[in-house]
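Some structures to go through are shown next.
Across the two complexes that follow, subunit A remains constant while its partner is subunit B and subsequently subunit C.
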Partner chain A sequence: MKPCVLKIALLTLLSGAAYAESVLVTLEKDNALAIVEPIEGKLIKTLPVGMKPRGLALSPDGKLLYIATSDENTIKIFDAETFKELGKLPSGDDPETFALSPKGDRMYVSNEDDALVTVIDIAKKKAIKQIKVGVEPEGITVSSNNKWVISASETTNMVHWIDVKTNAIVDNTLVDARPRAVMFTGDSQQLWVSSEMAGSVTIIDANTRQIIKNIKFAVQGVTPEKIQPVGVLIDKDRKRAYVALGPANRVAVVNAQTFEVEKYLLVGQRVWNLAFSADQKRLYTTNGLSNDMSIIDLDSQTVTKSIGVGTYPWGVAVKP
Partner chain B sequence: MNILHYWRALWGIVWRELFRFVTQRERFISALVRPLVWLFVFAAGFRSALGLAISPPYETYILYEVYITPGLCGMIQLFNGMQSSLSMVYDREMGSMRVLMVCPLPRWFLLLSKLLAGVGVSVLQVYVFLAVAWFYDIKAPWLGYAYVLPALLLSGLMLGALGLLLSSFIKQLENFAGVMNFVIFPMFFMSTALYPLWKLQESSVFLHNLAQYNPFSQAVELIRFALYGQLNQHALYYTLVAFIVFMVSAIIGYTPSKGMMVKKGGPG
Partner chain C sequence: MIRSMRAYFWVLIKIIIIGQLLNASLAVAKGNKQVINIAYLTQQLTPPPTLSNLDPFIDNKGEPGAELAIKDNDTTGQFTQQSFVLKKFVVPVDGNVVDTYSKAIAGKFDFVVLNLSAAQLLAIADLPVAKQTVLFDVTTSDDSLRNEQCRNQVLHILPSRAMRADALAQYMMKKRWKQWFLVVGTTEEDRLYAAAIKRAAKRFGMEIVAEKTWEHTYDSRRTEQSDVAVFTQVDDYDVLVVADEQAQFGEYLAYRTWNARPVIGTQGLIATAWHKTHEQWGAVQIQNRFKEAAGRWMEEQDYAAYLAVRALGEAATRTKSNTLKDIKAYLLSDAFALQGYKGVPLSFRSWDGQLRQPVLLAAPKSMVSVAPLEGFLHPKTELDTLGYDQPETLCKRSAE
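What follows is the complex of A and B.
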């Protein structure tokens, strides 16, 4: 009897641990959200969420899920448990990416076609300001100290430093061609910017807003024009940064202290966006053209599994 | 005849083979250089040639050098099996085979001992190759290196038995070139060592079928799955049956009354 009880307890514990985290992936062409269990690496289910879903994020308390449905010109709010639609936010036209303030009370949306950043008061579901930025803004982020909102304009090749208090641009930094993603280090001291056309990542000191380093990527056996960095993530200890290299089908592992590229990890086709697991032991990638996502074990720095999720996976978020 | 005699004979044969292998440093190096050249040069050139489908036992995208590593383990064993057969022909020409064959032990046991000696050498070579590959960042799960041992033993036995069978046909050392052209190369190239079956099917169904029924393919797949901690049952049975068929044929081939030696009129 005893071993049986033990077995059940162990199984419950294991299954509890296994289903502790869900990976949410937006599927641009399927107009859906894929829910993946990352320990066993299984697609659990796919839910319709709206036309051309791209950027997504969870509220800081993990209760709400926001998804930019680009072709519906809105950002939808879902219950993160039941995935029931709760409402919409006035994002402006063709929202692709957005960022939440650390408290989760404000949302900043890139409106690519109108060269605007829309500031939304989430509680009131109201756009409170539209900030004129460079041409084709896409990458957007908020520093964890809630001081800066950064918007990157793809065609102007610039990052705009927006003061959170005034919602006005304070400074601009010129970066390499076609900046795509922007990401602060956990201490808000550095800003990392990926440049798709230049195949590089620029690191900017957040205090002086001056460039401190430019990292170029070169993958053996891959032509330089295929190296198009998009998603950037930096771990909480600022030990390593991970850069999705698009059609190079690789994720670059960068030493975030020395800025040396340590390794390139092979994933699916046209890798764009990245997300850490809650404990930062795994990294999830969306591979747009091979219709799958890859799971990277960060301790061993190896890609452990790639799972088919649906057509054109785009954004990825983790629900602990 | 007790078990001690058997043990003594087995140990004598295995020891002779291992000793020969260890003392012939060139043989050891050349056995290692061949797959390493394939790994470092050939695989580097075809790095992106594999395409993008994920096929078991792999669970994600892999580089070409990762794909061909199990195939190169098989290649080591294939060459080793054939080399053993070459040494059998040499032994026969030199007369040491005659000494062995007059030993008062069953012929099947002597042949099996000879075979095991060859397999021991090939397994050693494969592990050294896998160790070098590990430093080249071709890493399998740790347990895979243990699981691959029985797979290597079986595939080594099968390829060694094939070598034995062939050696019963070959009268002179010079004829070994024929083995290269008609056995080693077709077996290696028409297998899953260098390209997966689905890739072969894209270009030719005939080639795909040939590769599928090639026992070397099955041995490679057995090694490939074992290296990633999985058992490919089909490959296991196929390799096992192929081993039994080759071994029985080799024993018959070496039997003086009915073997190939009688037909060829060779020295036996």
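What follows is the complex of A and C.
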């Protein structure tokens, strides 16, 4: 009898924990944030957050939520519980994406029109440095060992290696046409870069900054031009990587050890950004043109749900 | 006497050698950077007669586009140790562009952007000294230059008339506006545009139910209000397709026709490489950057000149070279993928040197659609549903 009770208690606890996770999606055209409960697959509510919200991220302690409201030329800070606006950061013009340092004390913002990366001291709410990069910088990330900030410039077709200590570029790697997302593996040893116009992902060794591999995607029945990789995520064990293929409406599943493409999963239209659930058992996608998000169960590698969220879902973050 | 002559010669030779050394050192002066020299040749134009004072005459279409691309290339170049230099040659209205090419450009530049008419382009391309070059045509839409009159070293950036007409036809097919009334102006360009429209109509199963030529008459009893209404009393049709490339009468047609019908073609809904309403796929960024630099909206030729110089930049960066052989091979290779703010990579058609690209379908203040439209399929790339595809081409380009 006892073990059974314990089991039930454990189950409740587990499902309770799972229920606690919420998925936050910025809606570019609705000027809003959608909050989704991923187990039931329900849109809980939609909150106004500001004009043209795109990139978003939670502080490492989960207490603050940052949202780039591009048409207001700022990054807003919200309380992650109450969603009350707490302040603004001086992001420079038209912020689209940004990255947080592992400790959450610094923010790095791409200023696309000005070919700059702005470094912000979050506590002081002050821009402390502007770094000149290539034309139209967009994708940006910080390695988890806090060594590198990577900025990808779309028109220069490069990733810039910025030393966190000096905030200066130390190296540049030429990649395929129109690099969009940049993402380190969990151990900071590899950098994965998606190239939208070339339909490829480039993997770079972070120590030598040499290209190890170039993965080209091909989906049966889809012409090459439609395969436009954007969001990239690699799981914590570096077993698999997931690449959002834009208007090809698919997420590619890549073996992160052999770099072979294992599968293409059909999701919504123009899939752009990706996020893992806290336990990395699910993957969430934003599908810009079908106004929904998809949920992929990673154990079975199947798309389990699609949930209408609002107009032009852009970024996605998970609040455990 | 002979000795002094010799001494004189030696001095002369020394001067030449020093001069050349100086030249060579200038070429690598920019911190040992590899220099890519590009010539830009254009001729001043006389303002054409206009129907509207709303659109000011722009006398430098193309140039700010090329300059912006140089800036973008140089930003990349600072990381790759390459430097891009644009030398502009602006020939006066009464000047001769072929002379300018022969004297100032031939032998000095491997890469030349030409903002010239079809006839001038051919005259230059046929010069023996212009054979070993890459000439970027940023102005013409002539189908003949991409077919019977094609030249090996010429790359065409703007969509041909056939591509534009096909783009319109695809959209008309989607709307099921299949009965066309074609109104053609009296210039040679208008006739060429009308020919492309007829070709597209045939390709996409449209029917031209009526065709009329707009004669420019100066009878003061006739006004647009009465004249267009009478002129457009023809068998019933779905859309009026106008061919008026110089915009001499086309703007007068909409809202004045006998029946309530939309106008498409060179006015009304137009098919274009670039438009101020275009904002998708990062286009808003280049619109902003261009406006800031040039103080005006980006025109088609600006976009074409931008793409031409960016294509060179892309090829030079990828090949790490500034030689004609390497760059030309890369431009025409499968690896070449140019980002042109149109959502898909742009590349050159190997059979006629035409830049493969989506064509925008725009109304004066709204982007209506982008061709190729969903559903028009092609075994290789949907972009090749626009214009002359490989099996149809009349161009005999040698593969070099």
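The working rule: the second predicted complex is superposed on the first by the 303 of 320 C-alpha atoms of A that agree within 3 Å, B and C clash if a C-alpha of one lies under 4 Å from a C-alpha of the other, contacts with A are read in each partner's own complex, and residues count from 1 in each chain.
One rule holds in what follows: a contact is a pair of C-beta atoms (placed from the backbone, for glycine too) under 8 Å apart; a residue touches a chain by one contact, two chains touch by 3 or more.
Since we're looking at a predicted model, the values are computed, not measured.
Participant: Which partner chains sit in contact with A:176 here, subunit B, subunit C, both or neither? Use first/second/both/neither.
Facilitator: A:176 sits against subunit C, while subunit B stays out of touch.
Participant: Thinking of the overlay built on chain A, is A:90 touched by subunit B (first), by subunit C (second), by both, or by neither?
Facilitator: It touches nothing on subunit B or subunit C.
Participant: Answer with first, second, both or neither: which of subunit B and subunit C does A:102 touch in the superposed model?
Facilitator: Once the two structures are laid over each other on A, A:102 reaches no partner at all.
Participant: Does subunit A have more residues touched by subunit B or by subunit C?
Facilitator: Counted on subunit A, the partner with more touching residues turns out to be C.
Participant: Based on the superposed arrangement, let me know which partner A:266 touches: subunit B (first), subunit C (second), both, or neither?
Facilitator: The first partner, subunit B, only.
Participant: State whether A:62 touches subunit B only (first), subunit C only (second), both chains, or neither.
Facilitator: Neither subunit B nor subunit C is touched by A:62.
Participant: Check whether A:224 is in contact with subunit B, with subunit C, with both or with neither, and answer first, second, both or neither.
Facilitator: In the superposed model, A:224 contacts subunit C only, not subunit B.
Participant: Output the subunit A positions appearing in both contact lists, the one against subunit B and the one against subunit C.
Facilitator: The overlap between the subunit B and subunit C interfaces on subunit A is empty, containing no residue.
Participant: Touching residues of subunit C toward subunit A in the complex: what are they?
Facilitator: 72, 75-76, 79-80, 282, 285, 288-289, 310, 314, 317-318, 337-339, 343-345, 378, 380-383
Participant: So in the complex, the part of subunit A that touches subunit C is made up of which residues?
Facilitator: The touching residues are 112-113, 115, 134-136, 154-158, 160, 172, 174, 176-178, 197-198, 223-226, 228, 247.
Participant: Residues of subunit B touching subunit A in their complex?
Facilitator: Within the complex, subunit B touches subunit A at residues 44, 47-48, 52, 54, 59-63, 139.
Participant: Using the touch rule from the top, collect the residues of subunit A that touch subunit B in their complex.
Facilitator: Within the complex, subunit A contacts subunit B at residues 41, 220-222, 249, 266-269, 290, 294-295, 302-306.
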